[in-house]
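Okay, so chain A shows up in both of these, paired with chain B first and chain C after.
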Partner chain A sequence: MGRQIYEAIADGILDGGVYALMAVGLTLIFGVLDIINIAQGILVVLGAYLSYVLSVHLHIDLFVGLLITVPAMFVIGVAIQWLFIRPLRGRDRASMSLLAAYAVALIIEGLLYRVFGPNYVVLTASYVTSSVHLFGFYLPDIYLYGFALAVACVAALYLLLYRTRFGRSVRATMQDQMAARLIGINVNRVAAVTFGIGVAVTAVGGMMFGATSGGFNPNSGYDLISRLLAIIILGGLGSIGGALAAAVFMTTAEALVDIWSPDWAVVVFYVALVLVLAIRPSGLFGRAPARAQ
Partner chain B sequence: MSPRAENTVTPRAEGTVSVRAASTVIQRGGGALVVLAVLAVFPLAVSNATVTTIAVDTLIFAAAAVAWNIFSGYSGYISLGHAVFFGAGAYTVGIAARAWHLNGDPVFALLPLAGGVAAALSVPLGLIALRVRRHTFVVITIAFFFIAQLTATNLSWTGGSSGILAPSPNWAAATFNDPFYYIALALLVATTAASWLIRRSRFGLQLRAIRDDEDRAAGLGVRPMPVKLAAFVISAIVTGMAGGLWFYFIGQAIPQFAFDPLFDLSVVVMAFFGGLGTLSGPLLGALIIEPAQQWLTLQYTNEYLSEILLGALFLAVILGLPRGVIPTAAERIAALRARRRRAPAREAVPQAEQAGQPGRAGQAAP
Partner chain C sequence: MRSNRARLLSLSAAAILAASVAAGCSSSSSGTGPNAKPPILIGASLSLTGDFSTDGQAYERGYDLWAHDVNASGGLLGRKVKLVILNDNSSPTQVDTNYTDLITVHHVDLTFGPFSSLLTAPAAEVAHRYGYAFVEGAGGAALVFSEKLPNVFDVSLPVANELDPLVDWIKSMPASQRPATAAYPMADDPFATPQVQRAQSQLEPLGIKTKYSKVFPEEVPDYAPNADLVAATGAQMVVLGSTDVPTVASFMKAFEQQHYNPKIFIAAAGPDQGGAFTSAVGTGNANGMMVPDAWYPGYPNASSQAMVKEYVAKYGGTASDVNADVAEAYSVGQVTAEAVKATGGTTGSKIISYLHSGVILASVQGPVKFNSLGENVKAIAFVFQWQDGKFVQVLPAAATGSVAIINPKPAWSG
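Our next item is the complex of A and B:
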């Protein structure tokens, strides 16, 4: 039993790294654009299918393939923001953009179904099946590589946000869009690039999800987005550190409940979310209650 | 900020009682009666089972859309979790009918129970979700939706992933759809009447005040929580009854279809298309979108295409017609009227021409 618990914690932390990466993209988009990109889940699946196409049809290694899929997802993200989010105006912009993203998700899902069908596929490579013996556990190589990559990506995002001029304008926009505009920041460009970056991380997340989830199909997006939403709300909307902590907390809790009952493990995500919000409506690390409209 | 013709909280027609306002009310009531008469004789005139099946489906969704609008449209809290109540209603009817061995007409008597279960669920959910606003509220309703779907899948008494079967009444095939049709119509009429009464009432005014500015409404003496919760519960009751009826009509509930994310989105699209927060908008949206969607599904037997089209239509509505058909049309008519009112001063439009041009949405010229 004790051994199982340690193993569950190790699994949870490794899995949490990947979810953290996807959630950081989502919370970054929220912080800058004040919208929730509900299409993030299906974009992760799209990223997974891109990796699938590259590895099955073009025989490109999963990790090397990221050099293609990450820029591709960045362009898709910028396009979505530019075409469907940017034109929205008026008082109901927040809910409208959420619904627009939902519609985009529906279209992508339908297209994926038409192209790939409803059958489950899985990403394979030599390191997906091999594992390494570490601290008495057998840990699949892909988890270790993926965790390292996720940590590297989050670190790169951190450096981008806190050590560059662009990052400073992103953070300024997050704090106060009007003031950012007044001091000469091109808020539209910041918004587009941020949306692109937030979506680009789904290429990495999608590759990892496709290789570790034991199979995915176009319907997997719902499960993913609901987990990601739970993570970013629990972490406090717009808080990057909160998203990291909440991701690891949630996946570890899920892995622990999974020992006892696999059926109910997924429910833990949402029950945790509801419990936290019943006590603290702004999330664990949230800023002050939602800004008045 | 865009002007809202029919939506802003202003003491309009109710306050300025004039002959014109009274005649508008009469004309609108007359229009509603005509629509109702057409809907009432529809099954007598059309016997094609495919068409009446689509009609029943449309009426159920119309009731759900109007119910969704009573809460989300009037209060501004966009719920993407009403499928919880829809599915709860479906499962209530299924489990009760199985336990009490009901079949035929008595199953319809379970619909109030379905509404009651949905109401009982909506109180705790509302108390938690209505504490937060905007995005967080939307996301919590989505979380409730997933909890409900997973619970239905994991419990044994809900039939797990294979779901639950409805009793199959042995009615004659030719008139099989008729009882469903009239029950659905009754539900729709009652819901629309409730929506109309709420919109005109002090309660409706409080709801719309909350939508426009919750903090200010609270400052002016509205107690937001009870008001929001009451609307949430009313909306849940109707949605639960619609779900129960839908389940009996379809014949089966499995977790993915009883708790369907597409249900949430469909209802929202209908309300947005017609006009969020208006009385007739969700009705109009449902009467146009649901038959079109069903027809496309039958025509192409490919659900993915209808999914893509629903998404595309939704984007088109949000980007091109963000306030919906009804408010936009109302604005056009008002502009037209204003132009006409100015016109007589200049060129004295002949009376005959004015009488010959009734307004587009059943509103005659002044």
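Our next item is the complex of A and C:
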């Protein structure tokens, strides 16, 4: 039993990295634009398909392919923000943005069905099925790489937000859009670029999702979105580090409960979510008071 | 700001719900050209999107192929057939709405079944309410027959018995050659769970020790933790209660990562999905994987072979790529057509009486004869195995068409 517990913890932590990569873009976009991008699930799948195309048709390694898919997804993100989110104005902006994001999701899903059909595909590479033997456990290489990528992405986003001029603009916009405008920040530009960055990071999450799942098709995003939303709520809406912590917490809790009862594994996370929110409504790392100023 | 957030969250839930309904209402239809007599309208709800979309779209192809063939040979009772297919988004709630719409709005003459037992059960009740015969090919679980509806007719193999050939094969082995241990991970699904539990109850008395037997939710995005737990048991045989390709592929991937290769690995569903399976797991890793079913593309039946040939000509690929769902759907059409011809019309009560009469009908899956519950008592359970890129029948070993089984399963090889 002790061995199973250690293995479940290792599985959970590594799997958390994959979910963090899928969720950080969602929380970043919420932090700046105050919208819940419910197209995040299909954007993850889109990222996976872009990696699939590069891998299968151009024989480009999955990680090298990120050099192409990340910029491509950035452009897609900026385009989505420009075309669907930016035109929304007025007091119904928040609710309309949900519908706009859902429309985006349906459009992308439809296009993916048209191009790739309903059959499941997977991302393959030698490191997808290989593992390293450490402390008596086989730790899958792809999950180790994924976790390292998640930490690197979170660190890079922190550096971007806290060590650059653009980051200061983003944080100012997060705190008060009106005040940011008054001090000369081009809020529209910040919003578009931030949306682009959020979607660009999702390209990494998409590649990891495609490489670690048993297969994906254009419909696969629906199973993801509720979990990603739960992660960013638990981590604190807008908190990038919180997304990583919450993702690790979720997957570790599930893996541990799996030992005794797989049926309850998913439920446990949501119970924990409710409990945490009851005690700390802004989530583990949320900054509601600052944002409410 | 806080109230805005709360509003956002509640709106997101509402938007998801509303959009799901909207997606479920989307429909597609296919039909034939204009004809002097009005066409016979046949309604079906299929999972063209959602969790069962691979199967649902394969079913659509099966129905389309059958309709095309029937119309090419003059139609039914001198009338062309026209399919009206609505998308249920793999939702048991939407399937209920769709069949109600098909009957009350589209006024279809006949209904064909949806994909999966989960959706067939509610759909059959709607058809029963309006007096329609409900011929289907993917509702073989006990859940479907438990209501004892007189209008349900499943042309395929009853699900609970699907793994019997595997049990019989192991029973036939000398005790020293039988697997000593087994693991039974199962998705919480009316198709997957009963057959695996039945196999477990039959294998345990043979001295095969159960090392793992747990039911996991079907909607789990990541099966790796479950698969790792199975791998840790080191069981010599794995009987996986899966419902689709990703579930099997996830377990296979995790097993390979854990350097665990069971001697026998059979999955309730997934390996039967032709190219959809091999493209997900790789031809090398598919080698030795087994699945129970009643049909395979090499099935020695003239109409089956003609259908496979037609399918490949229309959709491309090879015979091994043809999903068993296609044959199930095609069989639904064949059985219904025989009933319509025999009764001289599309009246539900007459078709129901005819199909309950004990008549033996022909289909691409073999003979069909219904018992009082609507189960096909003529369906024979087989076990199929991937062998060097080919999907072949291996059990029962003495059955016509069976080839030697690969045992133990070869090592993972990508």
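Of note:
Basically, the second predicted complex is superposed on the first by the 262 of 293 C-alpha atoms of A that agree within 3 Å, B and C clash if a C-alpha of one lies under 4 Å from a C-alpha of the other, contacts with A are read in each partner's own complex, and residues count from 1 in each chain.
Everything that follows uses one rule, which is that a contact is a pair of C-beta atoms (placed from the backbone, for glycine too) under 8 Å apart; a residue touches a chain by one contact, two chains touch by 3 or more.
Owing to the predicted nature of the structure, the values given are computational and were not obtained by experimental measurement.
Once the two complexes are overlaid on the shared chain, A:T251 sits against chain C while remaining clear of chain B.
By the document's definition of touching, neither partner reaches A:L157: not chain B, not chain C.
Which of chain B and chain C touches more residues of chain A: that partner is C.
By the touch criterion defined above, A:I36 lies against chain B and chain C together after alignment on the C-alpha atoms of chain A.
Once chain A of one complex is fitted onto chain A of the other, the partner contacts of A:G12 are limited to chain C, with no touch recorded for chain B. In the superposition on chain A, A:V268 makes contact with neither chain B nor chain C. After overlaying the two complexes on the shared chain, residue contacts for A:V104 are found with chain B alone; chain C is out of touch.
In the superposition on chain A, A:L46 makes contact with neither chain B nor chain C. When both complexes are overlaid on chain A, the residue A:S131 reaches chain C alone and has no touch with chain B.
When the two complexes are overlaid on their common chain A, residue A:S95 makes contact with chain B and with chain C alike. In the superposition on chain A, the residues of chain A contacting both chain B and chain C are 35-36, 94-95, 98-99, 102, 106, 109, 113, 222, 229, 233, 237, 263, 266, 292. Residues 1-2, 76, 78, 80, 128, 131-136, 138-140, 142-144, 146-147, 150-151, 154, 213, 215, 261, 265, 268, 272, 276, 304-305, 307-308, 310-312, 314-315, 318-319, 322 of chain B are the ones that touch chain A when the two sit in their complex. Taken together, the chain C residues at the contact with chain A in this complex read 1-2, 4-5, 7-9, 11-12, 15-16, 19, 23, 48-51, 53-54, 56-57, 188, 214-217, 219-226, 228-229, 232, 244-254, 256-259, 275-276, 279-282, 412, 414. Contact residues of chain A toward chain B in the complex are 30, 35-36, 84, 87-92, 94-96, 98-100, 102-107, 109-111, 113-114, 222, 226, 229-230, 233, 237, 263-264, 266-267, 270-271, 273-274, 277-278, 281, 290, 292-293. Within the complex formed with chain C, the chain A residues making contact are 3-4, 7-8, 11-12, 15, 34-36, 38, 94-95, 98-99, 102, 106, 109, 113, 117-122, 124, 128-131, 138, 140, 212-217, 219, 222-225, 227, 229, 233, 237, 251, 254-255, 258-259, 261-263, 265-266, 288, 291-292.
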